[in-house]
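Next come two complexes built around chain A: one with chain B, the other with chain C.
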Partner chain A sequence: MITASHPRAEGGGLSGLLLVALPVALLIWLVLWPVLQAVVGTVYFPGKGFSLSSYAFFFTDAYSLRNLWLTLWVTALTSALRVAVAMPIALYLRFRSGSIAALVQSLALFPLFVPSVLVAYAFIRVLGPNGIVDTVLVALGLPKLPTPYLTPAGPIIGLVWERLPLTLLLLLSGLGRVSIASVDAARDLGAGGLTIFSRIILPRIQSSIIVALAFNVLGLFSAFTLPYLLGPASPEMMGPYMQRTFSDNADPLNATTQAVITFAFCAAFGLVYVRAIARGRRGPA
Partner chain B sequence: MAQVRLSGIAKTFGKVTALDAMDLVIDDGELVCLLGPSGSGKSTLLRIIGGFETPSAGAIAIDGVDVTGLPPERRPTAMVFQSHALWSHMTVHGNIAFGLKLRRLPKSEIRDRVERVLDLVGLAGYGGRLPSQLSGGQQQRVALARSLVIEPKILLLDEPFASLDQHLRERLRDEVRDIQQRLGITAVFVTHGQDEALAISDRIVVLADGRMQQVGRPGEIYAEPKTAFVAGFIGAMNMLDGLLADGEIAASGLRLAAEGSGPARLAIRPEDIALSEPADGRAATVRRMIDFGAHVVIDSALADGTHLRIQTDKAIRVAPGERIGIRVDRWTVFTEDGEPRRYRSDTLRSFRDVRYA
Partner chain C sequence: MNRREFLMASTVAGLAASTRFAAAATRIDMYTSSDANVSDFYGNVVKPAFEAANPGLELNVVIARPQAALDAVVQRALAALSTKSDPQLDFIEQYEPTLPAGGIEAGLWTDFGKAGLKSYAAVNKLAIQTPYGLPYRGSQVLIAYDTTKLSKDKVPKTFPDLVAWIKANPGEFIYNRPDKGGSGNNFVNRAVHEVSGRDPLKFTVDNYSQATADEVLGKTWALLGDLAPSLYQGGAYTAGNTASLQLLAQGAVTMIPAWSDQTLQAIAKGVLPETTGLVQLTDLALCGGFSQAVIPTNSAHFEGSLKLADFLLSQEMQTAIIEKLGGFPGVDWSNLPQALHDKYADVIPSSIPTFPAGDWTKAVQDGWYRNVAPNISRT
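Here is the complex of A and B:
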């Protein structure tokens, strides 16, 4: 009698769990446990009991709210700009080949290999007061332009440039699922470039755009180096604000409260990311 | 009337010549197959007709109008792609109606035309489904419907059934031929399947290395190949390297009457060989027998070990290692610089009489 052997599902499941055990353990130890500690540390005070006073302070303090608002709109604008700048480059790289496309790809990915501090100082040298742009304008007998250095525009320009490659790679990954034949088919039926983009390409890379935006928001909301070096002193983004509250003001409770609030915003966008991934896995883009 | 005229079409990619100076006229209502191996330039030629590639030289005219510089969206053509290229986020109805919506037709007319074309391709009632809910064959039918619904003058099909299984491919190619004839539409069909080309074409254009090898009706291409390449590519063929001398061609121990001198290639179709008593220059050794049900193919070895395939009656049974005699009824001899010469055994006597008189 011939019998077929069946791999035991339980064994496969156990192997899978063992494979993820180490990263999950690290996640619990290095992320979830400190988060839990931070949350508990901001709402429970030994000997005094529960209190939401630090949160009440944050959400009633005008300066904290201005910082939160600045962080929110800088994050939103930078994310949108990154996608807006990366999209045409991604479309070009997806549907063109050759030496010029290779050059464009190299230039677009170059910021990936430049540390944030270098970006900041390069920015200051080029766009800062008496920087290269000013020097050129003066040499041409033109008036100097208002510098974006130490204004909200400073970190926005720096942050857009710094993380453009990541957005580009995410969009390229999504566009990889849009076949050239499907674009050709639309052209063949009479569609122009804008129609192809809005009705054929865009609906099929929605998940990738959401993922790119979510990744951007997660990185931007707690960005430190560029907002610290290029941004205004007041209001300031949450990253520098937290650092200053903790170090300069020696106020760990409020710094932790700011961190928990920042984490809550990031977690919300993290959920958007997880949902987008789940949606992408359920069906074709 | 929808006639396509290609005049001196050439295409180069860098230093590579994909197509070399092609002239071809495809008549109204004709179905022409571009047949060739991978890299022969058949898809490039189709894409040039569709406007997806610009020729490096030459001109294309459709109904006498030069369309060489026009993009695909401004040509009276529609293409069915090998990969179906359906838009997965749209329903079947959405896919088919896309071209009609671009033409800003009234909704009622769009609905009617989509329903009519779905009926034509045998998918009535499937309009609400997503492409992912259809089989490969159904998806290809939707792709065909999407192209037909805009009523193009020229239908271009780029290996549309390559990803389907043999049975479905045969059924769909018959359906496409039927629809093409019913609508009287001019069609250009790219395939690397010789059976497919022989089955549905009015004419076949055989391509190799970016050059047209032969243009003709399926039967003509099969029976009278003009080059050794066409002979070897279309249908099953035994191609043997031989030497012409003394009114004969000697190839792998096989000797057949033929004119000329010098090196040549001997082409014999398996069905043009019959079994007989072994004789000098007319014998082979059986390697194996393949039973196809309707007929039998004997894979045999000639004196120097060269394979010779023989197609014979299904009642024939031979054993591996058995020595068999062969009688060749028809053969063609190709020389480097001459027209192919065709011979038949029933005219051999007269030929030999003339040769040795």
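Here is the complex of A and C:
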């Protein structure tokens, strides 16, 4: 985790400000300014005054709400699944070394280098109808599986695989703070695996888990390619829905409204992330 | 080679190239914003043949994707028209001649009816919408099916038969989301035609009204919603033309709506098996369209551009459009070899209905998402 530095009480203030000036200026120009434009543009109409009608439409439109719920639901489930899948791998990599561990690590980090379009088409080939899995099952005399392709499960499976490495790296960095000596000490006192995990390890990596979840939520909310290629036509996740509203329906107002609402949810999770970082700096809980 | 050397080398190469072009007799700047299969067709087929047939002329294929890039080039040509300067644009392979607004009135596009093209009389009359565009290639949505599962004589040939077949064979048909590709879109448009008396002329760019839409589209949603439980996975829709072709290729479904050119190309490349059958509905065909080439009247190489237009209508190029591009010819089939005619007899349209862009398409696509897509039964 990021460790607190010890700023000098005086001097270096100006050069420090100059160093951060560029990223801050970029942030204002490319993020905060467009956000402000979007928020203002959806509530204030020159010549007509203020109106919240596009928000009223979104929150009374059953179709839009269903898309928002699906996004929240997929985000929650996928984030939880990613942490659940990454945790055992992280624990294994933290407490084991050697060539097998190195192999596991490279396999687990592999998805980091695969673009999502390739993931989508590979998914269709493997898990799709009459894909490799079906072929193997039929060869073994087993019935075919109902394919997750074009169902809500499709994007979830794809998304879990795609960003697993990031979650794994975050958990690994948290586990770095768990000393092997304390685990050994607990084991010497007769603690079982579950007790060690819940009493020794979990408290030390709490903030890492929160950071991993926050990162996942931010990425998942704006997921586009996999929900678009693997998911059902309806309900849509917010990413494809915004794109369709903007370009197919030629309706920038409602698209921007959807974007502002999505941004509000992401900002809330961003806040959780910032608080977790701040707590991490004060020292692990 | 490091960065500096690379920059120097490319500058030298650029200079050499520009002097070479200056030395060449006439370079025709031809633009396209179509998909890679079309720009490849120009680079690999049209360019060598055209240059061989017209010594002294050079064809410069400029790829201007996305569409907005081409729009900017056209705006430049319109501006050049008023200042009487060189638009640096001689030919566009596909552009909507009614654009930009006021372009035709200002005299931007060449009137092909009066341009004196040798082969203009051969152009398919069904395809000419305006004399300012030259319909030299087309494609249309067809029904593609797996002949190993469905024999040729049992294929539905009318829309009611198709609906009956889909219901009798649940899970064997899929079409893509209408905004994600023309094949699914034109299947939905065909349903709109079906419930409104099979008259495509009822829908035009400027006759959208909420009342008509509510009535016609209400019936369309009822028809498509009724079909949904019999579709693949009880109402799944693929995310595009290619995804539908993939399901057909994997044997997951028996029948899909598909673009003629994409399907013929996929069969030629082995992506789809030889046993893929194609059929067009006979009561009213699925929609399609022709690509219209345009020539700005202020083209600096106007005569050369007209030669290119004539060349594209030649039997050699029209045959290549069918065999290499998988498209429909822009000229009437009677001008092409009989053998070719027989080979594609199943897919030659007697009419090519279209569906208007703009408000109608928006209403159909968004309405489909709200009324048809959610009807899914996962049992």
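Convention: the second predicted complex is superposed on the first by the 273 of 285 C-alpha atoms of A that agree within 3 Å, B and C clash if a C-alpha of one lies under 4 Å from a C-alpha of the other, contacts with A are read in each partner's own complex, and residues count from 1 in each chain.
Basically, a contact is a pair of C-beta atoms (placed from the backbone, for glycine too) under 8 Å apart; a residue touches a chain by one contact, two chains touch by 3 or more.
All values reported here derive from a predicted model rather than from experimental measurement.
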{"item": "Combined model on chain A where chain B meets chain C, clash or fit", "value": "fit"}
{"item": "Which superposed partner A:Tyr228 touches (first chain B, second chain C, both, neither)", "value": "second"}
{"item": "Partner chain(s) touched by A:Ala186 [first = chain B, second = chain C, both, neither]", "value": "first"}
{"item": "Superposed arrangement, angle subtended at the Cα centre of chain A by chain B and chain C, nearest 10 degrees", "value": "140"}
{"item": "Partner chain(s) touched by A:Thr151 [first = chain B, second = chain C, both, neither]", "value": "second"}
{"item": "Which superposed partner A:Ile124 touches (first chain B, second chain C, both, neither)", "value": "second"}
{"item": "Smallest distance from any CA atom of chain C to any CA atom of chain B, in Å, after fitting", "value": "46"}
{"item": "Chain A to chain C touching residues, read off their complex", "value": "63, 66, 124, 128-131, 150-151, 228-229, 232-236, 244, 248-250"}
{"item": "In the complex with chain A, residue positions of chain B that touch it", "value": "50, 52, 71-73, 77-79, 81-83, 85-89, 98-99, 102-103, 132, 143, 146-147, 150"}
{"item": "Touch list for chain A against partner chain B, complex", "value": "179, 181-182, 184-192, 195, 199-200, 203-204, 283-285"}
{"item": "Complex contacts: residues of chain C adjacent to chain A", "value": "177, 179, 232-233, 236-239, 243, 246-247, 250-252, 362, 365-366, 369-370, 373-374, 376, 378"}
